[in-house]
Amino acid sequence: MEDDELLERLRDGEVALHELEDVAPADTAAEARRRYVAEVEGVALDEVGAEHDAEEATNNVENAVGATRLPLGVAGPLDVDGEHASGDYRVPMATTEGALVASTNRGCSAITQSGGATARVFEDSMTRAPVFRVSGVGEAAEFVDWLDENLDVLRDAAEETTDHGELLRAKPYVTGDNVYVRFAYATGDAMGMNMATVATRAAAEVIEERTDAELVALSGNLCADKKPAAINAVEGRGRTVAADAFLPRELVREKLKTTPEAVAEVAQRKTLVGSARAGTLGANAHAANVLAAVYLATGQDPAQVVEGASAYTTASVRDGNLYVSTTLPAVELGTVGGGTRLPTQKEALELLGVAGGGDPAGANARELAEVVGAAVLAGELSLHAALASNHLEEAHTRLGRD
Amino acid sequence: MEDDELLERLRDGEVALHELEDVAPADTAAEARRRYVAEVEGVALDEVGAEHDAEEATNNVENAVGATRLPLGVAGPLDVDGEHASGDYRVPMATTEGALVASTNRGCSAITQSGGATARVFEDSMTRAPVFRVSGVGEAAEFVDWLDENLDVLRDAAEETTDHGELLRAKPYVTGDNVYVRFAYATGDAMGMNMATVATRAAAEVIEERTDAELVALSGNLCADKKPAAINAVEGRGRTVAADAFLPRELVREKLKTTPEAVAEVAQRKTLVGSARAGTLGANAHAANVLAAVYLATGQDPAQVVEGASAYTTASVRDGNLYVSTTLPAVELGTVGGGTRLPTQKEALELLGVAGGGDPAGANARELAEVVGAAVLAGELSLHAALASNHLEEAHTRLGRD
Amino acid sequence: MEDDELLERLRDGEVALHELEDVAPADTAAEARRRYVAEVEGVALDEVGAEHDAEEATNNVENAVGATRLPLGVAGPLDVDGEHASGDYRVPMATTEGALVASTNRGCSAITQSGGATARVFEDSMTRAPVFRVSGVGEAAEFVDWLDENLDVLRDAAEETTDHGELLRAKPYVTGDNVYVRFAYATGDAMGMNMATVATRAAAEVIEERTDAELVALSGNLCADKKPAAINAVEGRGRTVAADAFLPRELVREKLKTTPEAVAEVAQRKTLVGSARAGTLGANAHAANVLAAVYLATGQDPAQVVEGASAYTTASVRDGNLYVSTTLPAVELGTVGGGTRLPTQKEALELLGVAGGGDPAGANARELAEVVGAAVLAGELSLHAALASNHLEEAHTRLGRD
Amino acid sequence: MEDDELLERLRDGEVALHELEDVAPADTAAEARRRYVAEVEGVALDEVGAEHDAEEATNNVENAVGATRLPLGVAGPLDVDGEHASGDYRVPMATTEGALVASTNRGCSAITQSGGATARVFEDSMTRAPVFRVSGVGEAAEFVDWLDENLDVLRDAAEETTDHGELLRAKPYVTGDNVYVRFAYATGDAMGMNMATVATRAAAEVIEERTDAELVALSGNLCADKKPAAINAVEGRGRTVAADAFLPRELVREKLKTTPEAVAEVAQRKTLVGSARAGTLGANAHAANVLAAVYLATGQDPAQVVEGASAYTTASVRDGNLYVSTTLPAVELGTVGGGTRLPTQKEALELLGVAGGGDPAGANARELAEVVGAAVLAGELSLHAALASNHLEEAHTRLGRD
């Protein structure tokens, strides 16, 4: 069916807006929907329809009308010395915030000139925490004992649903007549939320069959997905990554126009004391900015920047030189699945050399996590230095937004 | 200069990668940069180069190589009864998460059928909080007194830098020899971070001239921008918005396949108790998802989803029917400036009828904020209902990601 | 009636355990109750009955059986240079934790030798935040407007209930169909919780009469009393106090057996970074210890140590010397009312020269708040120094507990 | 030496105030110190000197001058059905807050009449988390691997220092060049902080000998002791206890003068939503009050009320009746050591039947923990009910404080 005909049927109410893909190819459906919406609302939607990936995106969006284009820049090269990452990386960043790529690029340059960033992945597990209703704390205690004794049964059920996932832990948190069980999985190169959800559903079914606990919700908010939760900031979710770098005093002076002492003072007064005073989970300058830009460029879920933003940045003076570090408890990303399959996102992953499944499984996701950690470090270094040399506002003004 | 020539000069090291826009139009520069990076890294970057907005985006990105395309869907119509918003809205959502638009759409449909969502803006101010160094708490006390007596002087200096901004407050937070001053501004239709930064810089200069306090950093992290901070969750930042709806029992049953009691139980055990148990700022199911998708579609800053994610969702049973609400302390958005000028983003704002400056100033931003509040409510309602009817995982599996 | 006779009537069930004070003087009643409980439970209660203040304590406890004796030590002299406090103070500390008084005393000594601590009160208000039920966010918006326009009416109603209290603010926090109104009062020399509660009850009655909002609970937990809440840590409750001191390098070396650099490193790695990593409200070493001991000695409410514990301690090196500060957002105390009337507690206040009402009203409470701030500073300095010189555990072992 | 003679030597400066116990028995020393301080400060200290336990308290306080007397009441009988606790308990409460014992007593009575409270201990470990300095994240990763491989070595070193303590876990938290290792111990009937500190010191020495990590502070604030930290609220510290009760509708009506629905509404709007809105760790009405009173009566550390205050209280309606629960992640207490040895405190423990070491080791501490959980539940029930029946303020006014 052509999109003209579809449009007619939409006007006549013969087909609903969300059913178009049932009766036509994705491209045609999106075209008809866009034209219909534009007509009804009396607006033009030419730009969003100019170029998009309707066929490829059918698993990523519903009620498609086209695409939003985000400006894409590259920062780097960024020299990363990780367990999985090694060498120079060009970091793709999709953003609309003027000065962000330039600032990160400056950080990359300073780090690379000083010998590169070290990066490591410390924890690696994706969590899903259903909430079960029990009759009270007595039954809760029995249920906790049951869980402890039946982890193998749950593991079998959970792992039957997945090729790559492995159940690592299932930790209960009792609260009155609620028992939250935080299941943690190794998820290979996937970000792993869907895998964890499917596997946990299977485990929850076993629980419902074998105990008196009743499932209330497959997510009980101790996961905690896309919420600023202490449980993630403290215990981690996805990949926990730390990155650091040493910068010679001269480099700080010439490249960053400031001193190690001034950077350390900003890190102290703003990032540590200021964050504490504001009641912040994490302590950093703008980790979310770099995370959002790299996540968007590489097909990650931008809402997971929420957890990622609880990063901890430190800076100190060592023998007159500068030590900087950033620790990210919750870097949630993958190189397969989700948005990573889309054309522009896939190219960005290829630019980093981490597209698709790694060998062994998980290697690509961990490499990406280390690069992301180092890129956030570059952003943190650059902004701390900019504040230290007191020209944050000038940079913004010049590169412009309002 | 043609991009072939530029490419040659890049290869020869005659021009640096970030300087291309100095010697060629933005389109040509981006093309040359893309070709060079693709060549050096040995990858194809055809997709990211297929369609982009190099000229329009020069204030939004540096080291441009093209564009990332995000799938764009529409949810709605969503009936919103706000102080500024009124009538049916088609909500543009840019996302790669399968099922998100469909789920939000279902929520919109249920809300609209039940008579629409009520929405209100409660607070409206953008903040910037520089940190000053003083000699100690004695001088801090004097500085606090000085601030109290000289607010007018600071206001004059701050407001001289802006056409639309107004300084509302300048509240000091002393911590030893640090004084954080949280400046709050009315910012019209702009999100207002840059305006607030420029104005605060001017005020800080006055402070440095007239007192012994020394500026350490123009942002002292009590702003708090793009960090999960209690100060925002409690006191708000940008627009504080609340939205709610009443749904008849029958509608909950037929449309959402569950009951008001089941939804209220999920809201209780997962959203309130679960969030408390996880140490979360805010208490919601997935506010960040809807925020991220609408922010991206309409040119907002996706990193500000971090603050926005501290939303509070409640659900309760009233006379057998369902009451649901979502309160978002920190909705940071604008209809002018930043990414709102880009072609696809501008179309999305036009779809909502809020592109550009409002009349009076601020009316468009507030209308958008109310629509965003209602859209988050739709997403919250839909996910709570889906969990209540126990099919979260099935929906994800069917609509697919991993 | 004698206590023998009372005991008989208790055994016969003629009088209930909690009614004894209705039929006999407090001393007799307590004696009878103690004997009865001892008899029924088969234990001796001689020690708790040895010396107590039954008559004086009738407003402080019910079902009295005697007294718990807490060991009382004194730290100091502590030289405090405040706005209200001035000169040397002997700080009474009631505690069972070995080494605590000795450690605080060491801090006092170091501070006093170095010229004393500076201390200031920054905010001074007691809060009570009832929660009202409204029909939804639409009515909430109207209610917020009403509050703004009727603050004077509420002030009149509130202040009619109190001689010393003044209503300073009434700030609304909307959350769906809940409106929390945080009333803040100046409370003179009283800690002020009861005053605030009574006054807020009167204001709430006016609200119920004049609006559609219905009172659900006179405390809606945004007060927030005796809970670790960000709203207190950020905005303060009771008195917000900061204290600091400068210690010459030589003194740090000789008296504290360490260096300014080592103390600053502990403050950085443990107190700032460690607290951030643990998701702590506040950032200090053991402020709660000193607060609890001084609160107990002077008749304050030990449960309010909870809020007080969100203190911020910093240490840094200045020209080779040591700067230390502690900022306590929520010091909740008084010199009249509550436990301050009891014999031993009153003596402790007299030892500090702050017993009873001040002149002007509030002067005594503020003086006490400044002394408390300085005493916490002494404790913080001493523990940071002890950790820096690596002998925490030895001190505990020697002075002993397990 | 007599105290007259000591006093003379103090006046002459021949002996320092803190050295008196070196030259005289504790009683004499305290008497002399009290007289000297009274003389110098020009105040009477007769009451604090009236009755005290100088000899017994030498490990609990330094610079002793006497004792603070806290009014002691009893609540109960409280019927507790625990794993360790069983039967009726009279709960000793030391407090100066009028209405607290009466209110708790009312809750005990309602619970006991309804069949008692169920209580369970879920986690049981005391933590100490030193912070180590490493060269950077690369070395941190090696250190984490080393820890994983050498837990047995650390266990041997740690357990050599203690008769009852067992090392359960040693979990590392990396943050840049800081590694925090949270050691967790089973501590028998002791609260266990000192035991954990001594054992961790021994383990830390092994670490310093065998790795390049250097100890910065034996406590790195991830313990986290006496600070309101999410790590405790989420993961627990000391004993994690939950208690609950079911109350028939009629009992709620007659005894508590309210309805299950009204109590549940207060628990929802105040305790869950209000606490979330205030950014609180935990969600309860006044857990700290009951904890402080029982801790003080039984010789616990009142500063540890800080962690204990992060309790979670829920209330809901089941078949027209009331279900209430309280979950306390961090109940830190013991029945041996610390203040439990003092005369009045020991009597209070005997009143509960838990004085001294249990059989098996830990049984007494767990029994006490369950009783404390049930007592907090009683306090929570009573206050929620009082608010629901709207007479909080009246109760306070009548029983009086200001």
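Residue numbering begins at 1 within each chain, and the chains themselves are lettered A, B, C and D in the order written.
As a convention for this text, contacts are C-beta pairs under 8 Å (C-beta built on N, C-alpha and C of every residue); 3 or more make two chains touch, one makes a residue touch a chain.
The structure displayed is predicted, hence computed values, not measured ones.
Undergrad: Treat each pair of touching chains as one step and give the shortest count from chain A to chain D.
TA: 1
Undergrad: If more than half of the interface residue numbers appear on both sides, call it same; otherwise different. Which is it for chain C and chain D?
TA: Same, since over half the interface numbering is common to both chains.
Undergrad: How many angstrom lie between the centres of chain B and chain C, each centre taken as the mean Cα position?
TA: Averaging C-alpha atoms per chain gives centres 39 Å apart.
Undergrad: Could you tell me the distance, in whole angstrom, between the mean C-alpha positions of chain C and chain D?
TA: Chain centres of chain C and chain D, defined by C-alpha means, are spaced 16 Å apart.
Undergrad: Rounded to the nearest whole Å, what is the centre-to-centre distance of chain A and chain C, using the mean of the C-alpha atoms as each centre?
TA: Chain A and chain C have C-alpha centres separated by 42 Å.
Undergrad: Which residues belonging to chain D are in contact with no fewer than two other chains?
TA: 173, 175-176, 178, 230-231, 233-234, 273, 275, 277-283, 312, 314, 316
Undergrad: Which positions of chain A touch chain C when the two form their complex?
TA: 230, 233-234, 268, 272-273, 275-283, 312, 314, 316
Undergrad: Mind listing the chain B positions that touch chain C in their complex?
TA: Residues 81, 83, 118-120, 122, 136-138, 140-141, 144, 173-178, 230-231, 233-235, 240, 242-244, 246, 279, 281, 312-314, 316, 323, 325-327.
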